[in-house]
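Listed below are the structures to be examined.
Both of the next two complexes hold subunit A, though its partner changes from subunit B to subunit C.
Coming up: the complex of A and B.
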């Protein structure tokens, strides 16, 4: 059997992982219009939470996921109250620098407590795969894909079917109109920031058994997540979902079908981003926005 | 009353004289710069560097050749820019007489231009990069105490060829950073020289999320050996994904990472069977130096002292930095002063027996003038043990294919 069927499987599974990494970032921007440069550190905190619970309490990362997500959401709430609330109306540069600094502090606090040693959780399913007609389906990545689908669906349902979700969307559409409708905008900002962090932590739990956990893992994930959110259209959850798969297919395709393509994969994926933005500056499913 | 005044005057004079002598004593200090990765991505290396230095200063005592040892620890922040700043500060501002560190290949190379501005005697207990070896060709004041890339690949290629015969196929996967790129040619050359046919070389991005495409392409070439030239962070993903993909490759070879406990802990059962080479392995009972048994004790005694102090087993960089620092102190003692030319000469003539092997500095085939500890032990992780498989004279087991 050629490489093409395996390419399809790998690209789809990678797309699921990317979606998980980026969807929280997209939500936070969609509502608060602030690019959360500490989002990678929420993923990192989630990964460490899962690692610690696995190493010391023998709790599987998937079982630990709800607990870790809530814990990281509470940390995010604290960061929102202490830092972010004060700069909601400040220029974007200030917000970005502040969140970047928050990310650096979180990185180094974790490095001090946990040391810089690389870690990863070993679960039975993280090291196994099912072989079907010559195709390898890694269980860990398949689980990551399912978790990604479930969380994305839950997020969409929450946004569309619940009072709080609709209020969040209202704030995302127009802060002033939402205020006039009696919605507590600051509370909705805090809530969406917490949910965004919780989604980041959830992806950290999944990453903990797929990839390497270290205090500095977040930055690369932030860059990838940011590229996906921009490609999909800033703030568009559906766009993020589509862009995750576009990027995953581009990267995996280059890695499979170009000689030593693994080294070029990200470059080509970012070239795709560039081309899409030239043709459609608001991203695949984004809408043109104006200021705040 | 007269007596009291005399006593006060004498005491005052004593205090003044003592005070006057203080600057004289302050000058008699030997400054040893220690730029390490104390924060950032490679903090695990820096921690080993710091521990090695602490153990060395404790073992040698507070002074050498009548000079107080002052270790100037600097954080290179795991960045090239941080390394240049730390090295410049050590040499230009702090006037360090000697420098030991940093460790990671990229930062050692980044430190070279800063070092050239004011050449102190520099011991490098890390970097296996041929790029660095090229940069220091002909430099008399640089002493390298860590194996070069070709030592790894030459050793493992010979060991595997000895076990499975010539004419077999090898595939190589390497990262696109300086670590992978600087070693790929040496790997190709030495596996070729040992009679292997290189059937695939695959490049992967540093910090990649997915190595499956590279591994699936390698699978099609059906190699007997897979060599992974990656840093630890990526090597964890590699080992896990190889295990998942069930590639059926009998021999998996790493660079430094298969020896690291953090790598083994992170990959779990996927660590079993990996082959690598190094100049130090724990629990090998290397003997003490007959002339300096306190400075270069038997490895089991040093390992026990290390465990007692840090509550953990030493890694190879703990040992490398310790050995490098103690060799430097001993050379200073024998030189009788911190004169760098005299100390360099003494280092070359030291010839001590250490946990890393014979401490003799020799010229390398790559052009470095002072290289120690290039003799490699090739080992395989068999269960929780390191089994030495090559050279045959020091082997305590045989190479076995992966199940």
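Coming up: the complex of A and C.
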């Protein structure tokens, strides 16, 4: 079988994982209008949660996922109450510097407790693969793809079909109108921040058996998340899904077909981010975005 | 007037005497003290640079981009062209100015968070490029500065302190020119500033070229102290964090703030290293300090001091009236 079909398989599987990594960032921005610079750290916390449960209690990362997601959501609630609630009306730059600092604290608390060593979780399916018609389908990535799709679908269903989900969308559309409709806006902010963190933690659990886990892994994921969210249009969930696959195809394409592509692939997200910011800051499916 | 003039001159006299003492100090000090002097001086340059950009509403999350480009420019100028420290450092500053001006032009009218994310992407992108261009940068293996060109550590120390004094002087001069008002107007509302006759694009180019030149200068001098460079050192996230933490801690949008903040930041880092032992603690302490500052002391230490001072004066006036 040629290189091209395998490229398609790898890109699609990676795109699913990117969806889960970025959708939390997109949700939190859409509702609170705050870009969560600590989102990478929620992913990192999720990965460590999965690692700890696997190493000490022999719980599979996929079984640990709900537990870890809830725990990280609670941490996010604390962060919201202690820090974020005070700066909701402050300039955006204060908010991002604050969240940047929160991320810094989370990274280094974990680095102090767990040391800076790289860790990994080994599962029976992490390194196996199935051959179908000459194509290799790695089980770990396939499972990650499925989990991502299920969670993304659950998020969309929740937003569309439930009272709270619709209230969240109302707040995202207009804070003032939502307040007038009797929605407790601050509570919706807290809820969406927690759900966003839980989705981050879930992607951390999935990532834990695919990549190495370290306290400083969050930053690279954050940058990729930014690239996806900006490309898709800030705050647009559908745009995020589309952009995840665009980035995955671009990165995998560079890795497959460009000389020394493995190294350059790391820069694709950054190039995408810069180009989109310069040419079309509102992204593929984004509405007009405000400055400042 | 005759009464107020000495009061106005006093801070300057103190600043000049202090700068002179700092410049002379490396010749008498031990290596540890020299290390502290370099740490504070390079941070002052970085912090002033970050603050100059922040004054115009341009929050940078990628100051390591300038730092790294300055470092590479200095190393390459020395190794390939045989330049000694001073011309190499000037080359570094020029490279930073060009990068800053280019950033201003390509980011066009991006504001706030979008500008911040663009700078972050720039710095990470430059790191990837530095890793991949093995022929120029030595790639992941890094580069050593030609040993024969390296001057005495004390000379490097003096150059860095001179840069710090120069950077503070520039930021002070800026507060005496109309640029200060143009910057403040830009920070508050770029469209409104344009209506008032400020040319935002030109101002951006000037501000970012200046900020870029200063940050690259710091990187370009620092490489003569450390002597080794690789992409991860050059475009280290740590530099970005330091560049923003010092002005915020000291007091953003002021002349004294970045200087006060630089001393405080180096003190925090050294104190946590000496008393708590682990290197990880200093970053944790920075993070906590940053959170506390943004939440409770948005004008930083210098702002808090001035507020305290103003209240004191008010009380004295009230006391005299009673």
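The criterion applied here is as follows: the second predicted complex is superposed on the first by the 272 of 292 C-alpha atoms of A that agree within 3 Å, B and C clash if a C-alpha of one lies under 4 Å from a C-alpha of the other, contacts with A are read in each partner's own complex, and residues count from 1 in each chain.
Throughout what follows, contacts are C-beta pairs under 8 Å (C-beta built on N, C-alpha and C of every residue); 3 or more make two chains touch, one makes a residue touch a chain.
Computed from a predicted structure; not experimentally measured.
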item: Contacts of A:6 with subunit B and subunit C, given as first, second, both or neither; value: first
item: First, second, both or neither for A:78, with subunit B first and subunit C second; value: neither
item: Partner chain in contact with A:177 - subunit B first, subunit C second, else both or neither; value: neither
item: Which superposed partner A:70 touches (first subunit B, second subunit C, both, neither); value: neither
item: First, second, both or neither for A:150, with subunit B first and subunit C second; value: neither
item: Subunit B versus subunit C as contact partner of A:278, first or second or both or neither; value: second
item: Contacts of A:98 with subunit B and subunit C, given as first, second, both or neither; value: second
item: Partner chain(s) touched by A:270 [first = subunit B, second = subunit C, both, neither]; value: second
item: Which of subunit B and subunit C A:109 touches, first, second, both or neither; value: second
item: Contacts on subunit A seen with subunit B and repeated with subunit C across the two complexes; value: 108, 111, 116, 260, 263, 266
item: Contact footprint of subunit C on subunit A as seen in their complex; value: 35, 83, 86-87, 91-94, 96-98, 100-105, 107-109, 111-112, 116, 219, 223, 226-227, 230, 260, 263-264, 266-267, 270-271, 273-274, 277-278, 281, 289, 291-292
item: Of subunit A, residues touching subunit B in the complex; value: 3, 6-7, 10, 14, 17, 108, 111, 115-120, 122, 126-129, 131, 136, 138, 140, 210-214, 216-217, 220, 224, 251-252, 255-256, 260-263, 265-266
item: Residues of subunit B defined as touching subunit A within the complex; value: 39-44, 46-47, 176, 201-205, 207-214, 216-217, 220, 232-234, 236-237, 240-241, 243-246, 262-263, 265-270
item: Interfacial residue positions of subunit C with respect to subunit A in the complex; value: 57, 59, 61, 106-114, 116-118, 120-122, 124-125, 128-129, 131-132, 189-190, 237, 241, 244, 248, 278, 280-281, 283-284, 286-288, 290-291, 294-295, 298
